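Structures follow.
Shared between the two complexes below is chain A, which pairs with chain B and chain C, respectively.
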Partner chain A sequence: MADRELTFEIFRYNPQKPEIKPYMQTYKLKETPGMTIFVALNQIREEQDPSLMFDFVCRAAICGSCAMIINGRPKLACKTLTNTLPSKIKLFPLPVFKLIGDLSVDTGTWFRHLSLKTEAWVHTSKTFDPKAQEERMDNETALRIYEAERCIECGCCIAGCATANIRDEFLGAAGINRVARFMIDPRDERTPAEYFEVVGCEEGAFGCMGLMACDDNCPMELPLQMQLAYVRRKMAAYGLGYKATQGVKLA
Partner chain B sequence: MLQKTLTKSNKTDLYLDLVELTSGLLLAGFLWTHMLFVATILISQETFNRLSEFLDTYYLSYIGIPFVLVIALFHFVIAGRRIPTRIQEQKIVWQHAKMLRHTDTWTWVFQAITGMAILVLASIHVWMVVTGWPIRAMNSAERMESFWWFYLILLIVGEYHAGFGVYRQFVKWGWFPRKPIGYVTKVITAIMLALGLAAMVVLVQIGGAI
Partner chain C sequence: MSRYQTHITDVLVIGAGLAGERVAIEAATHGLDVTILSLVPPRRSHSTAAQGGMQASLGNCAMGEGDNPDIHFADTVKGSDWGCDQDVARLFVETAPIAVREMAVWGVPWSRVVAGKRTLPDGRVIEEKKEKEGLITARDFGGTAKWRTCYTADGTGHTLQYTMDSIVIKMGITVHDRTEAISLIHDGERCFGTVARCLRTGELRAYIAKSTVICTGGYGRLYSASTNAVINEGSGMFLALDTGVVPLGNMEAVQFHPTGMVPVWILITEGARGDGGYLLDKNLHRFMPDYEPKKKELASRDVVSRRMTEHIRKGYGVESPYGPHLWLDIRHLGAKHINTNLREIANICRNFAGIDPVKDLIPVRPTQHYSMGGVRTNIDGAAYGLKGLFAAGEAACWDLHGFNRLGGNSLAETVTAGRIIGKKVAEYTLGASLTFNPELVEDAVKKQENRIKGLINGWHGKENVYELRNLMQQNLMDYVGIFRNGKDLQKAVSNLQELYHRSHKIGLRSSGVGANPELAQALRLPGMIRLALCISYGALVRTESRGSHFREDYPKRDDVNWLKRTLAYWPEGADLPELKYEPVKITELPPGDRGYGESSAGSEGGKNG
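Presenting the complex of A and B:
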């Protein structure tokens, strides 16, 4: 492994300068021990090309901002060691999200839309009493909520999903996982009917085709298959048990 | 958006998903039974004929075939809604699958392709069988001898579509963990393929002996 020379092929495009068409640029770099894609990109930017755009904040797989397509797969740049890859490394920005430039995309707007659409907060009629003792929750429920909460909103599951690539409105695994998180939460007072409004449709649980690119590519290894299936089953059970509400008829 | 407001929030999407599931499982069940029936030729021509006569006398073929055709039509229309129709979408999916090199995404692309192939091939198959009624070892052997390549394609395409279709439904509904289900469906598919191939070889031999 020692002394490999890495060849990076990196997607370059700046939407601010549309007159320059997208192209691939090649950079060469000596591999160092423990090098991650994140380290390599910084080195390229410092030593070879200050114009290269990419995102990072935490460099510890916490913030979710450094996700990109690394040799075809959506991954976190800060969590991907170069020694797990061949010496030719191809980098693309994540699809689906708005391209800011080169490897940098705007996942924030997308996830904000998701939070608003799924109303990702605990809906409760109780008013918070800071002096009262905290309500108890059994350990198993708490752990299941925690498991879903580990999502760092990196967008790998969305970028990997063929459905999300062609259906703009599809919530994707991160969105459905988010809904599952609140469904499990006993403090959330939303009824199944209210959840059905959000995910009982093609944009939600029933749009998923079960390709499992989300499950296979989530860097946090969330149990996405089971989360998707859980919401699908819940919604189906509810949907089969209630009468369709009468709507306004056009004719 | 009047059009979206008035058509939204009903349960259409759920029902479509359930019809896709049920019709798919029924068809896979049918295909596997069908292959087991055909494989009776491996025991003897007589068994094959007796089974076929039995299905005839109790009108099972006459009910079964139209029933399966109707289900297949439903399945085609409803499962087919997933297939991107716009050229740009098809290009996106194709590029996406190539980029990702992800097994389950590729199997889905082939699922769509095999589905289309089955629509054409199975129609021809049904037409050939119905016009050459009844089903007896001799008729089948003749058909098989002249069109073995056709049946070979149909067999592979059909078993592939059924096997992975069942796998995907189990994955989507999460009744069982993914890995074992993948294993089980692959084993079933392999057995069905083996039976089908063996039956083909026997039938072609019988056909050649006439």
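Presenting the complex of A and C:
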């Protein structure tokens, strides 16, 4: 692997210059130890082509900014080491999301829309009392919420999802996981009926074709398949008229 | 290019990290119209990267028993090496527990107390009480007398930011992401908003507001090795500095984190040492107890960073292609602990260095981490010098951290200061009227248009923006790092002055059309170099050692001459900041020994004898 010369083929298109049609551009780069796609793209921008557009923020797989299609699969560019790839590397922007330019896509707008649509916040009738001790929570419950909360909204599950690619309003795995996060949370007072409104439809839990690319592609290794099954089970139970044995909580 | 959009709002918040969003929520709660500008979608902000936790003296866990705001106060003031304003520290420690609990109501899944006995890595057995079960727990962090750092597993910043943003979305607060403020609109007395560039299309916009709040975070990326996200280039700070009337406080106070992982400089959180990790040298000797027998690896960050650098200088560093480093060893914590409680660290090691911390040592070195300095404000968050301008969080010098920030106090500052300052912003804005001179706005936009045209057409020269940026970063790293001395600092100042002049002759190599990244960098660079000069010149003039500012030629703290805060102004046309000073507020705790086992405490005149 030492002293490889890498050949990058990168998708280029600037929507501000529509007269230039999309094309692939080739860059060559000497591989260095520990090189990631983050290191490589910055080197290309600084030394070869300062117009190249791509997104990085944390460069540590925490912020979810840098997902792109790397040799055919959606991945986080910051945590993709070049030594795990052949010497020819093809980069495309994520599909589904609106293109900003080259490898940069607008995931922010998409995910804000998702949050609004699923009302992804804790629905509570309680108001905060600054003088009161906090309400107790079982640590296991806190950890279960956190497990679903770990999603970084990078868009890899959406980009690799057949349904999301053909159905505009499909919530995708990230959306269904987000809903599961609030279903698990005892602070959220929403009833099964209210959740059914959000995910009990073809745009939600029942639109999934079960190909499970989301589960394979998730860089956070979230149990997306389990979360989907959980939400479907709850929604099916509600839809078929099963009564929850105690209270209205689903978890 | 003279057509631009104009947006009018009550409160304009620049930056959508935790501080910015908290301010926005508070202002919106008071019925005000709020617009947030952000370089990136809010959930991509650097706040999300804070894994460790936030300090608040809830005192629920066994090792935090008996904790209260007084102890948190003392830790904070000592940590700051008496450089903070004590009235601010007092307000902060009293509010932090409220802020933590409020975030719990909003949805943060804080880790909770689990009753029962457990054995700590050092062999001590502790017992969590049944009556505390289910309350918010805390972990150990460097420089604190009690376990006080509240956390959610390994993703505290992430869960705080996602929860905060969920409230912003719920409240329908306007967020313009991928929008960069590039200058403040002001008349020398009052701030009226900002000129911003859309990072989707490249278009300019004017945002006019009754109050403007800078929450843009720190300036880590001025250094070549920083744990910070790539967007942390200090933009809000240089916007304020560029007005000529707003000073930056204590810019020479730069914190280095002891454990940035070689060579990508990703932070390995304090939690690793808090949970019992060791630092080893090239002989695999655990050296920290030799220097700091009591606190060992958990002395405050500046002390640990210095001891590590000292040990490397003595020849005990591990040689590598990226320079000498030391080892962080967490192997003895066991696979289960590492893969759950420290999962994020384990992932970072595996993904970015190809090593497994369950069986491998982690290469680490002190790395730039935090900016204690920033836009100088009063206790209400109001910036000095311009009415209607506020700042909060890392971008501000409030001044909670003085010359060294405690681990866990930065996340705590964002949500606590955001809560406090948001209220003050709201009060100010409710009493303010929208008045502005349209010509002032027009001129401010024109000025930026001309800058952009000059860069695109290379009117002033053909300097390469990336080359200049790299030189600036290297100068700060080499000459304004952990150990400082007059000779090196003078060199840094001279070099940076030369770079500053060259930065006015940048010409783009690309077209500059649309969301062009080279243009964005070129617009920022002169401001970044101005910040670099504030840091190095402030450090050169401050002939003492205090907190993270360590002068080899003046190794003692000098309370007689230097118990004061640096205020850096940038007069129009200057190539060096003008430095003024003000006293720090000491209301409760007079200067004394920090108790870290180091010899920084008081002396008359800091000159090395």
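Following the convention adopted for this analysis, the second predicted complex is superposed on the first by the 241 of 251 C-alpha atoms of A that agree within 3 Å, B and C clash if a C-alpha of one lies under 4 Å from a C-alpha of the other, contacts with A are read in each partner's own complex, and residues count from 1 in each chain.
What we mean here is this: a contact is a pair of C-beta atoms (placed from the backbone, for glycine too) under 8 Å apart; a residue touches a chain by one contact, two chains touch by 3 or more.
Computed from a predicted structure; not experimentally measured.
Contacts of A:I166 after superposition on the shared chain: chain B is touched, whereas chain C is not. More residues of chain A are in touch with C than with the other of chain B and chain C.
In the superposition on chain A, A:M24 contacts neither chain B nor chain C. Judged by the touch definition given at the top, the superposed model places A:A237 against neither chain B nor chain C.
When the two complexes are overlaid on their common chain A, residue A:M212 makes contact with chain B while staying clear of chain C. When both complexes are aligned on chain A by C-alpha atoms, no chain A residue touches chain B in the first and chain C in the second. On the chain A side of its complex with chain C, the touching residues are 14-17, 33-34, 36, 45-47, 49-53, 55-65, 79, 81, 100-101, 104, 106-109, 111-112, 115-116, 119-122, 124, 126, 128, 130, 132-139, 141-143, 145-146, 149-150, 152-153, 185, 187. Per the touch definition, chain C reaches chain A in the complex via residues 40-46, 48-49, 58, 98, 100-102, 104-107, 109-114, 133-137, 152-153, 155, 158-159, 162, 165-167, 169-170, 175, 177-178, 200-202, 229-231, 263-264, 266-267, 321, 344, 347-348, 351-354, 465-466, 508-511, 513-518.
Interface of chain B with chain A (complex): residues 6, 8-11, 13-14, 16-18, 82, 84, 89, 92-93, 96-97, 99-102, 104-105, 108, 168-169, 171-175, 178.
Touching chain B in their complex are the following residues of chain A: 69, 72-73, 92, 95, 160, 162, 165-166, 197, 200-202, 206-213, 215-217, 225-226, 228-230, 232-233, 235-236, 239-240, 244-245, 247-248, 250.
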